[in-house]
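Shared between the two complexes below is chain A, which has chain B as its partner in the first and chain C in the second.
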Partner chain A sequence: METIELLILLLKFIVFPGAIFCIAYGFFLEWFDRKLYAKFQNRIGPLLTGPKGLLQPFADFVKLLAKEDITPVGADKLGFTLTPLLTVAVSLFTLLFIPIHSLTGVLSLPGDVLLVLFISTVFGLLIMFAGYFSGNRFSMVGTERTGLQFVGYEIPFALSVISVAAAARSLEITNIVNYQVNILGLPLIVFTPIAFAIYLISALAKLEKIPFDIPEAETEIVGGWQVEYSGKKLAFFRLATDLKMVFVSGLAAALFLGGPYGPSIPGLEPIFYTIWFIIKTLIVMFILSNLRSLFARYRIDQVVHGFWKYMVPLAVLQILIVEGLIFMGVI
Partner chain B sequence: MAVLSKLVKWARIKSPWIIHYNSGGCNACDIEVVAALTPRFDVERFGILLKGSPRHADVLVVTGPVTRQTKNRLIRIYNQMADPKFVLAVGTCTITGGVFRGAYGVLGGVDEAIPVDVFVPGCPPKPEAIIQGVVKLLEKLQKT
Partner chain C sequence: MSVEKRIFKIPVGPQHPALKEFEHFVFTVDGERVIDVGFRIGYTHRGIEKLAESKTYIQNLYLCERICGICSAAHQGCYAQTVEELADITAPPRGTYIRTLIWELERIHSHLLWLGVAAHEIGFDTLFMLVWRDREVVMDLLEMISGNRVNYAMSTIGGVRRDISDELKHKILKGLDILEERTKYYKEVCMKEQTILARAANVGILTREQALKLNAVGPTARASGVDVDLRRDDPYGAYDEVPFNVIVYDTCDVLARVLVRVDETFECINMCRWLLENLPEGDIRTKFARKIAENEVVGRVEAPRGELFYYIKSNGTDKPERLKVRTPTLANILPVCEMLKGGYIADIPIVLAGIDPCFACMDRALFIDENSEKKWVWSREQLRIYSIKWYKEHGNEVVRERWKQ
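The block that comes next holds the complex of A and B.
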């Protein structure tokens, strides 16, 4: 009996909704993002790789895996090899806390909102290490910029998540989802629209997408922190970026959009919940791609100023609004 | 193993990432290369992306004749690329040196410095011709 349970848990970790599902969905999200981005620019985007170019991210991944793997002489060999692996491992680990097929994730423990927030800051740190270990002047500039941007977006990101946790009076993702589904009956975005906007903007900075792609700015510093990475290591970094996209949109769905809950046939909840999860994350990705194609890259000082001058006060205002609503008994 | 090598070959054909380097030309070919990337021709349909770093790219797109000053830099960029790597030479100047042939600062065509896979003639070649060159390169890859 115990071995069967262990086997089911292992399948959950590895196949669904763990590693394999998340990687496949990450590739799908990258394709969705690239296709939308191309559409907004009046282009077509990936077309000939698989149906409608659906296999393009997978083809890129396989090609990079098969390419030569260069370690520069000036690089720190151990760190240079370890950082890509750690980045993928950390991104996969955070995804286990995101509720996908039911109202709880594969892993769930009291206070996991804080744990997920903490691990998502490790993303930024690992990017800094990645640039630092490659020993290239362009990567060093990328590392500095990552660090500075990190100072900007991390606090508003945490505050926007905390305002949701304050509304649900819980620091557990499962409880927050349950609160929206069973007690409130509404997604929390109705009461925390400002926090949702701040979450999306700082998520763009976290993913290093275009208005905030300062650390990898291809036109200024060639490729920023990833300039020296080639072959397998670059493939792992791209995979990690896709997984981060799944994480960011999944966390947004769980905290603001009522998790994977939606109308479903009793008995078939896992299937319907997965479909609702995919719909909600695609909505989030749609907004992110829109923002990505609307704006041009900001300067690094504009980013830090903007986040500290406007985002942090707005996030605090949102927490006050939530507290006021709770005080008046609305939520 | 046969299946795996087939998969790798398919992936290589489906996602050639390019890096663009001007080794001393007059900029006309560069404008045509950029035109191939923009909405009208949009080579991202074939999975082609323009990359900034030679470490990320598979195809080195060279425009212009090789001058004595850029020769060493061109060789260095070529050596920085990860295997398997290919070179696409765009424009008449890359074949012979074009109108700059015989000038004191010009070495000649690109094949004076690095091995070239496909030449695209024209002064400047149209974006269609550049895309045709990439197709020829991918056909060459298909045969190996």
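The block that comes next holds the complex of A and C.
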């Protein structure tokens, strides 16, 4: 009996909703994002690999795996090799906390909101290390920029999540989802729209998408921290970016949009919940793609300035609103 | 980390995504601030001036056109105009009008291209894609008139090569309407979109005094409040008859350079309409004797990027004795270094792009020895031999030096 349970848990980790599902879904999200971005720019986007270019991100990944992998003389060998692996591992690990097929993630423990927030800051740190270890001048500038941007977006990101946690009076993702489904009966975005907006904007910065693609700004510093990475290592970084997209949109779905819950047929919940999860994350991704096709890239000082001057006060205001609502007994 | 250590040098170019051509800049930066700028030009030297001396006047038409891909008509037209003056012939009015029309259509295409590039440099790829889509309209018009999309080969010595029929005129007017509507939209975007304003306003300042002192030309000068435009100041072609305004902005920043170009596009569209409606009847070219008596002439036109300067000397044969070209980018290279100082690294691409640089047209390989002030000119072959020799001797050191840094 125990071995079967262990086997099921292992399958959950590796196949569904763990690694393999998340990676496949990450590639799908990248395709969705690219296709949508292309549509907004009056282009066609990926077209030939698979139906409507669906397999293009996967093909890119495989192609990069086969490419020559160069470690520059000036790089720190151990760090240079370890960072891409760590980045993928960390992104996969955080995904285990996101509820996908049921109201609970594969892993769930009291206070996991804090854990997930902490690990998501590690993304930023790892990017800094990645740039630092490669010992290139452009990477150095990229690293500095990552660090600065990190100072900007991390606090509003955390505050926006905290306001949701405050509303649900719990620091466990499962409880927050349960609160929305069973107690409130409404997704929390109804009461925390400001937090949702701040979450999305900081998420763009976390994912290094326009207008916050400053650390890798192609036209300014030639790709910033990832200049020296090639072959397998670059492939892993790109995979990690896709996984981060799943994480960011999945967390948004869990915290603001009622998790994977939606109308379903009793007994078939895992299937329906997965479909609802996909729909909700696609909505988040749609907004993110829209945002990134609308703007020009900001300058690093403008970003830090903007986040601290506007986002942080707004996030605090949101927390105050939530507290007020709790005090009045609305939620 | 000590203060000195934070100051380091960033090379931009010869290969860099922000530069569409090869040119080398060295930026001394302190964190994100640029303290000093050094540059080295000459990577795209092609020996065109020397080559021109061995070709006939007619052959040189097509050589000069290839100095620059974007302002090819300006180069060819300027060359043709200068040779006409050299041979003392004048193009018939219809030929002059069509030549001017091509110049103005080319200006529209060049300015729209620039707007797209500028948008790309500040990471606004959506605007870049859309502008370039609409630029296709003017490219198609040029193709309809001349048969070519890039090097039009329209001007010839004594006029132009192809006529414009009434049917074509109608098509061009239709295309101009589309362009005007789209350009209006882009102007609105440039003036209202907050991210563009944040990146372009008060960036890359070049004051009026600096612009005059460092000899800025074209839209770069006009964005710094310097009211110069050869089309009005020294009319050539049909410009003394066409009504148009010279656009001048005095905010001296990148935004001004954007707006100068966008507003100029409107002027160009109106000028094209006027030229088409008032196209005189008659021949499109006159005959031209192959040999030109000894003479020397300086010709100037206002290319999309600024003042273009041609000097041709003839010696009685059918080939020029000397051809000298000064392109607007060379004039703008000192001002751009001034603009970059004190700015952020993030502003380098947009400021560099702000002058609409075209390094390939600029490089004519003039060597100046700073110590003895000796000047000499090398052909491409000499340069090649020298570079091979130099790298044989110094190659290893250079590579090692680069790794150390």
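Following the convention adopted for this analysis, the second predicted complex is superposed on the first by the 331 of 331 C-alpha atoms of A that agree within 3 Å, B and C clash if a C-alpha of one lies under 4 Å from a C-alpha of the other, contacts with A are read in each partner's own complex, and residues count from 1 in each chain.
FYI, a contact is a pair of C-beta atoms (placed from the backbone, for glycine too) under 8 Å apart; a residue touches a chain by one contact, two chains touch by 3 or more.
Please read these numbers as outputs of a predicted model, since none were measured by experiment.
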First (chain B), second (chain C), both or neither touched by A:43: both
Contacts of A:63 with chain B and chain C, given as first, second, both or neither: first
Contacts of A:105 with chain B and chain C, given as first, second, both or neither: neither
Contacts of A:210 with chain B and chain C, given as first, second, both or neither: second
Which of chain B and chain C A:227 touches, first, second, both or neither: first
Contacts of A:296 with chain B and chain C, given as first, second, both or neither: second
Intersection of the chain A residues that touch chain B with those that touch chain C: 41-43, 218-219, 222
Parts of chain B lying in touch with chain A, wherever the complex brings them together: 7-8, 10-12, 14-15, 38-39, 42, 44-47, 51-53, 55-56, 58, 80, 82-84
Residues of chain C defined as touching chain A within the complex: 8-11, 16-18, 29, 31-32, 119-127, 129-130, 133, 193, 195-196, 198-199, 344-349, 403, 405
Parts of chain A lying in touch with chain B, wherever the complex brings them together: 34, 38, 41-49, 53, 55-56, 58-63, 66-70, 218-219, 222-223, 226-231, 234
Residue ranges of chain A in contact with chain C within the complex: 40-43, 73-74, 137-138, 140-141, 144-145, 210-211, 213-214, 217-222, 293-302
